[in-house]
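Structures incoming, each one as structure tokens.
Two complexes come next, and they have one chain in common, subunit A, joined by subunit B in the first and subunit C in the second.
Right, the complex of A and B next:
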């Protein structure tokens, strides 16, 4: 049955309207605020001033520090999650195939809100009430300062990895299970050993999904806010200020609404660029 | 007949709306989850059963504590009419003043609170709130440990050696009520296991060094007691001073010597209470509100009944404690201003504040009122005394930029304490940032 263009219009109208209202309007407002002098006192009547907020943001060293932190955090967390999940997907595949319900158990950390995860670890890692420092003091007579400045990055990255590796595992396990069995059989008949099978058949087959998983996890980790903010705030001297925390602080604590919105628009543009690259890459993978 | 009943129905409906508008309901946005909420609920209950019957009843709403001020800021800026009365605080009164309406409290309010306490809710000479709760700091210490230190000759000998090694002078232990900052530092070092292996506690003190604006309020007592001030009389920033350096170096010395827990740079109110409550810390500079919980044997069996509290140690410029008030003020966009003002006027009276205090609130009231309830709330006498004798608000501490200034200082000073910035860098960046904020 042929769908007419009029029918197409009416069928897509509700979602188009929803997107325009829920995303389009805030985006338009953000664009106006980002080129305006705006505070909490003149929210409804911002004064247009050009691109000064963008210049100020780009000249602010704390913006670049926050960007560097987010990049470092995003890359470290997403890469470790990727390799760990890939290893688990392959290593646990026989077990998970026999007991699929185990996957639900492994998914449990994902079901907890990141802010609650932060709160939970704030308790677990506290020297006097936390279970981990308690046993370290009992067994070795000392405990590291998990949330001290020198260890804070490692701690928050580890917590991010523990919470979100299951997400990567779910995708990669599904991809691993979807490899056609005839490919493996053919490779075996050609004399491939297990390592060759993995490196030359399975991983290349899974590569588009592996890269997609990496990008999804990178974007998610890059915009981290909740668990870091609950655990260590913006860190001593601002050492754990992610880009999201920078925007939040500039907006609410600093009252620099224009600058905060300009920083968020820059982040939005960077995300658009990344998505465009991802789409281009996906198309190229499809054609090869 | 049908027409008649329709008309009657309409009349009834209109009458209901008319009565509702005459008998306005005031909505108050309060501070959630603590003794302030319990006290406010009781006060409102009393009001609704009495004056509220004719002046309009009061309804309470609460946000979550996390991000409370940010949510309030956004709501007020959006011109909300969802609440008529909202919470305000000394450090935020200047920020919220554009969205609030000044009050003219009855003259009796001066007799209840006194000028110094009323000023915690003032901005540019206008009164923006009824000061319902006062916060300040106590120096908490372990009675049992200090008693032994003051009577044990062996401990006193070690105390003298430690103070000589770390502070460059041989000190003798003193009663905490006569401490200066050196005495506090020497005591903290003495009760630190890594400094004194015979110490019965792991740490000598608990410092709250998280990058958080409230932690600056606690620390400010050190700088102020050395003569430190945010702004001089002409409004010039004066934080890059000897006084601020002394205060900052004191924290750094104690932290670097291991006298405070290793992850103190992530500590705020709750973490510090947990550390002190474990019995593994000998002293702590902390908000007055912590006393009830710390001294409760069910919550903190290791230290309950063994806690002493005094005002913070003295510096060359005297003995001081930061004070700030929480209070309730009028939303500029309120639709029920008359009824809201009636409630606020009632709340500023002696009877209302007595009810509020007996239900767990911490108002700083005149001695004549506090004496009446001292049997139930002995801590309020100390609160009133300390506020009157030692209380201070930094010059600029109620300005529109106060919250940003606290935040800026928290970022810079925690950088120095954690070793990511030098003292000069931190103070210069703070001075410049404050000058920009106060332009």
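Right, the complex of A and C next:
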């Protein structure tokens, strides 16, 4: 190898330095502030005080509500997206293979900012000028309060699912298309019918990608912020406070820096755990 | 017959997924009076008045300023990520240096909710004067874009035969000139698709735009949400819809123009990340 070690260093130094400054140092600050008594006045000289902030966060029922909301939101959204996308990918494959541009039509929502989608639904669901309440009144004679306490979760999770199913669809469609044709032929030779082919050959072959899609969609939905924030804020009585919104509000609205930072560190630990699981999982996939 | 059903299901899915876009487009073409009297999907008298009105209210809501901010932030954000990732990808692929720490670290950033770093970044930006600047936000977009950019570049570089490097080296080329003269021209496709994706991601970002800007560097996603609270009294739904349509157009156009490469890069990046 003829790239000298000096060159190796200098070519990777910029990205390493950037990551240290933009992520490493902030993480260090997170850790320090989380064990300090800190206000906007003494930012530069926080007073160490032990794990008080963590205790306060862990005793805050709003924190647990936010965690529960994010978990429920992430799981619901990712599972529905996965099944919907899997169905569409497999059922529409003959059509999409013949007319590839149709995929562009399905992909369009992925190119739009979730915040803007949230704003659109403010109009669409508006009780007087919104198109959905209008037709519900016309056809059913009744329209629910979509953003009220009872329905807020269902509303925002539906919005998330409708925007991001295309993402899962795209990945699963590609995976479905890349199944080697000899596998299908061999199964047909053995007399497998379509259902057996799907359950015993195609789905098992796609399983690593299916699980990966689930992970990606779960992570993205779990950290949801934009669409919920512009649509409902934290919702009636905090019913739609995700963990991201909790941290944002604790810091900007409550000025509760210590607690916001402690919640950030806890989220970091949870994310590390998930990443470790993912690593182990993908390593096992590579060896099998 | 079965194809007919597929067309039906496709049409239904396409309508369902794109419903907010279509509905907002329709609303933006209705007059303010018609919006109140007729929320249905039929337009009685289509008009472009709402789009004209946006530009008449530039003193209170300067959409061109927000669009310009987003353009600069997204372009710089995609460019910075390429600038940092490209030399690193070369070293990782050719020498294995960083394969076990740098590469997995960056790829795993995809799974890390960046709000974890938001509060300290806010404080740091405040300390060094990056708060409410285009450069500051572009640096954040660079973090967001790095995982996919590095994944795409390293998988592309892996497919460039090493013999090309060796031949150039025998001719006395330095590492830098190999990177610039041989590797760079051969990675144009990957550079293009990471730029497109980076641009789209950065344009659509909202959280950091909300937290780290107040006025001068506000991106359009945040600016558009200001419109809803700033229009005073009732929201002007027609103008609001027109604002939303203009805000989503640039990444939508770019994304749809390059949908093929986005499809394959996104799946490639996702599967590797």
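Quick notes on this one:
The criterion applied here is as follows: the second predicted complex is superposed on the first by the 281 of 288 C-alpha atoms of A that agree within 3 Å, B and C clash if a C-alpha of one lies under 4 Å from a C-alpha of the other, contacts with A are read in each partner's own complex, and residues count from 1 in each chain.
Simple rule for what comes next: contacts are C-beta pairs under 8 Å (C-beta built on N, C-alpha and C of every residue); 3 or more make two chains touch, one makes a residue touch a chain.
The shown structure was predicted, so the numbers you read here are calculated from the model rather than taken from an experiment.
In the superposition on chain A, contact of A:128 is made with both subunit B and subunit C.
Using the contact criterion defined above for the overlaid structures, shared-chain residue A:260 touches subunit C, although it does not reach subunit B. By the touch criterion defined above, A:26 lies against subunit C but remains apart from subunit B after alignment on the C-alpha atoms of chain A.
Set side by side, subunit B and subunit C differ in how many residues of subunit A they touch, and the one touching more is C. Look at A:72: by the touch rule set out above, it reaches neither subunit B nor subunit C. Of the two partner chains placed by the overlay, only subunit B lies in contact with A:152; subunit C stays clear of it.
When the two complexes are overlaid on their common chain A, residue A:278 makes contact with subunit C while staying clear of subunit B.
After overlaying the two complexes on the shared chain, residue contacts for A:233 are found with subunit B alone; subunit C is out of touch.
In the superposition on chain A, A:184 makes contact with neither subunit B nor subunit C. In the superposed model, A:252 makes contact with both subunit B and subunit C.
Common to the subunit B and subunit C contact sets on subunit A are residues 43, 122, 126, 128-129, 252. Residue ranges of subunit B in contact with subunit A, taken from their complex: 67, 70, 73-74, 76-79, 95, 98-99, 209-213, 261-266, 271, 274-275, 277-278, 280, 403-404, 407, 411-412, 414-421. In the complex of the two chains, the subunit C residues touching subunit A come out as 3, 6-7, 9-10, 13-14, 16-21, 23-24, 27, 35-36, 39-41, 83-85, 87-88, 90-92, 94-95, 97-98, 102, 104-106, 108-113, 115-124, 139-140, 142-143, 146, 165-166, 169, 175, 200, 203-207, 210-211, 221-222, 224-225, 228, 237, 240-241, 244, 247-248, 251-252, 254-256, 259-260, 262-264, 266-267, 270-271, 273.
Chain contact summary for the complex, subunit A toward subunit C: residues 1-4, 7-8, 11-12, 14-16, 18-19, 22-23, 25-30, 33, 43, 88, 91-92, 94-96, 100, 102-117, 119-124, 126, 128-131, 133-135, 162-163, 165-167, 170-171, 174-175, 209, 212-213, 215-216, 219, 222-223, 225-226, 229-230, 243-244, 247-248, 251-252, 257, 260-261, 264-265, 267-268, 271, 274-275, 278-279.
Residues of subunit A touching subunit B in their complex: 40-41, 43-44, 122, 125-129, 144-149, 152, 231-239, 249, 252-255.
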